[in-house]
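Should a chain be cited, it is by its letter among A, B and C, assigned in written order, with residues numbered from 1 in that chain.
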Amino acid sequence: MLSSPPKLYVDNVCMTFKTATGVFEALVPVTLSIPSGRFVSLIGPSGCGKSTIFNIIAGLLEPTAGKVLIDGVDATGTIGRVGYMLQKDLLLPWRSVLDNVILGMEIQGVPLREARERALSLLQRYGLSGFEYLYPSTLSGGMRQRAALLRTLLFDTDIILLDEPFGALDAQTKLQMQEWLMQLWSDFGKTVLFVTHDVEEAIYLSDEVHVMGTRPGCILESILIMLPRPRVRTSSLTPEFIAIKEHCLNLLTASAPALPEAA
Amino acid sequence: MSKANSATLASASPQYRNWLQRNRRDQIFVRVTQLAVLLVLLILWEVLPKAQIINPLFTSYPSMLWPTFLELLTATPQQASILSHTLSTVVATVIGFAAAMVLGTTIAATLWWWNSLYKVLDPYLVVANAMPKTAFVPIFYIWLGATLSIYGMSLAISLFVTILMIYSGFQSIDPNKIKLAQSFGASKGQILRKVVLPGSVPTLIATLKVNAGLSLVGVVVGEFQSANLGLGYLIQYGSQIFKMNIVMTAVTILAIVSSVMYLAISWLEAVVMRRR
Amino acid sequence: MLNRRRVLKGGLVALGSLSVAPPYSARAQLKPLVKVRYNEVVRSILYAPAYVAIVKGYFEEVGIEQTLSTAYGGDKSVAALLSNSADIALIGPETAIYVQISDSSTKIPIFCGLTATDGFMLVGREKVSKFEWSMLKGKEILGFRPGSTPLLFLEAALRKNGIDPQKDVKLSNNVAVPARLGSWLAGQNQYAIFIEPDASQLELDGKGQIVASIGETVGFADYTTFMATDKYIRENPQVIQNWTNAIYKAQKWTQSAPTADVVKTLAPFFPGVSAEALIAATNRYRKLKIWKSSPAIDAKAIEKFQDILVEGKVLDPAKRVKYQDLVLTQFANAAK
């Protein structure tokens, strides 16, 4: 395990924003080492820089200092190496569900017929069969997030960044989507970086949780989650789970004035 | 409405049936009142000049509209039928606003592509838009000659509004959608083609509505000054020889033309927006 | 005793001075001036006698105070008369004819003439030593707005010289009036009609040569006339008569005065026109007898005018107007 480099290595990345009104230090040196196939969560209060880290990893933002290494190779500032799903589904309303999920492939130049074939089988396997030719406006919130996630998956990168994908969903749908995501992750074995406000969600889904502090953004503590896989709902009631949750909440309360909306 | 409702009516509760009937009655009432307003206007237009309360020299009568139209089908100045005049005006209008749409969208896309160019050109565009193009009619004649000046007017009057509206539409695309495309490694051209342009279709339709009206105005005003064919020309000519019936007929046809154009664009809008 | 004589002397002197005092009865007869709102269809040298009457105070002499406004269009002048924003207007007779045949209950009869015929000049681009009308065949001529009298008279002049206006020449009738001069200077068309002083100015600048007078070619057909609503004439016959008298006086003066004097009188109404152009225009119009010498309009002129309208297809021959309905002759006949 130690001989091959981690799938994703964020090496002492910091970010300072210069604006007309002053200099804003968003991230002090942040280091993350994520092995291949792991499910890792970042939790923290608003403004702790979670989205900034994602933008840097995705190559949309150049860090003020530090590097991003994928498979040991410097990938700082390169776009298209990771799949990036933002909180809003951002499905293009003028395209059918099918044509939406192939967007990433289309931009990469994959021929349309091949892209659609690949997409169709995925859509059918993961609960969107019957919706392929419908338009996003006819879908519920949960279905739209599924479509958006499948779009990210179809982009076919090893690493996937998910920025609060379930934040806008109601509690019931959120739980369903978590199970669905687990299934997807176990089927495809991607390396997932997951951002959320929901401490319970983070613990439930992940192998490792990084708790972040704010102003400036930094990693307060990294916690390994040793709960058995596949995870079951009742595991959230076990004493181990509750202990981890309590620990996280303490870290968060100490570092920020307002608690994140925990589960 | 009727098919679905007659199905439900059979099994509907009496309260629902009452509500449906009242609904339909309201709609009928609105339609009847609309027709009544039109009728009253037509009657006033006919009666007041006949009774010499208004000088008929200035207004003509609605009863003259149809006979004048028939007369003009065969004998107008320039020996062209009134349909040819109408066609001339319509063609100039359509070409004008179509050209404005194409050229305006291209320029807006260029400005979107090179933001620095936009920053430099912005004040000029705003001034050009604010200037009344109708003031340029005599100048266009000297620069472009008779026929081209009308097309020139038709284009110029819509062009700057188009550029500004469409550019503004481009800018109001959800920046997250653009970020999404960027995260997939999209080039600027791909972003323009796959996200910005399709996302701007509502703006394009709104601009089209504005343009159609403006171009018609531009053409008619241009024809007042420098045409020998067209509805604006007929209005000018009729007023010159005190045949107000010709003027009113031409104006009525203009009203019909602009309504048809607007309906056509609304239909296009419905088709395009069906999916969104 | 001395006191009584002094009082008597003083009284006699007082009585005597009374007889030398201005006659009060005469002063009481000086009525306030009648205000007349006068509207001219365009500003043109063609209407010289009218400007003469204004400058030389002939209107004041007959008790009229006029305010001049220029309408820039026959239909606008007529609208001013009919909507009662003008009292007397100077317009082409075609407007009176159109109103006469319309359904309007108010008519605008003519009571006084001013110009005997068309004042436009045919201008050519290339210099010719002797102009023949046949030279126009196949050429492009800058005309005037369709339905307007300048164009109708031009077409009549062409027809009179054996040229079919639709087939033998190409008439450009779609140039906006303010753009006509610019269009000519920009090199469009080989011939054009221009009114004075534009025609003379073009010739002086070497930009064209006046080859013919449209009015001379067509003959006498009153081109511009004074008119008012029948209601106004009915209610103010004395004003109408006074107006006609003032115009008559101005017409007589214009006929015989030296050119320099005429030009001096016109100059304030035509700022921006060179003195040479005004001189050339004045001489030309006088030679062509375009400025009438009396306000009378005769029936033959009106019939010829209607002929031109009918030929130009703007007047239905069945709708021709009777001379006595159109022209009120009593005022011109009584003019002094």
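By our rule, a contact is a pair of C-beta atoms (placed from the backbone, for glycine too) under 8 Å apart; a residue touches a chain by one contact, two chains touch by 3 or more.
Just so you know, these numbers come straight off a predicted model, no measurement behind them.
Asker: Which chains touch each other through the most C-beta pairs?
Answerer: If you count contacting C-beta pairs, the leading pair is B-C.
Asker: Need the central chain here, defined by C-alpha centroid distance to the all-chain C-alpha centroid.
Answerer: Chain nearest the overall C-alpha centroid, as shown: B.
Asker: What whole-number Å value describes the gap between the mean CA coordinates of chain A and chain B?
Answerer: About 49 Å, centre to centre.
Asker: Taking the mean of the C-alpha atoms as each chain's centre, how many Å separate chain A from chain C?
Answerer: Comparing mean C-alpha positions, chain C is 89 Å from chain A.
Asker: Can you compute the centre-to-centre distance for chain B and chain C, using the mean CA position of each chain? Integer Å is fine.
Answerer: Their C-alpha centroids are separated by 44 Å.
Asker: Can you tell me which positions in chain B touch chain C when the two form their complex?
Answerer: 49, 52, 55-58, 77-78, 137-138, 141-142, 145-146, 225-228, 233, 236-237, 239-243
Asker: In the complex of these two chains, what residues of chain B are touching chain A?
Answerer: 174, 176-177, 179-186, 190, 194-195, 198-199, 201, 275-276
Asker: Residues of chain C touching chain B in their complex?
Answerer: Those residues of chain C that touch chain B are 74-75, 78-79, 82, 94-95, 98-99, 102-106, 145-148, 172-176, 178-179, 182-183, 186, 188, 313-314.
Asker: Under the definition above, what is the set of chain A residues touching chain B in their complex?
Answerer: Result: residues 58, 60, 79-80, 82-84, 86, 88, 90, 92-95, 103-104, 106-108, 135, 137, 155 of chain A touch chain B.
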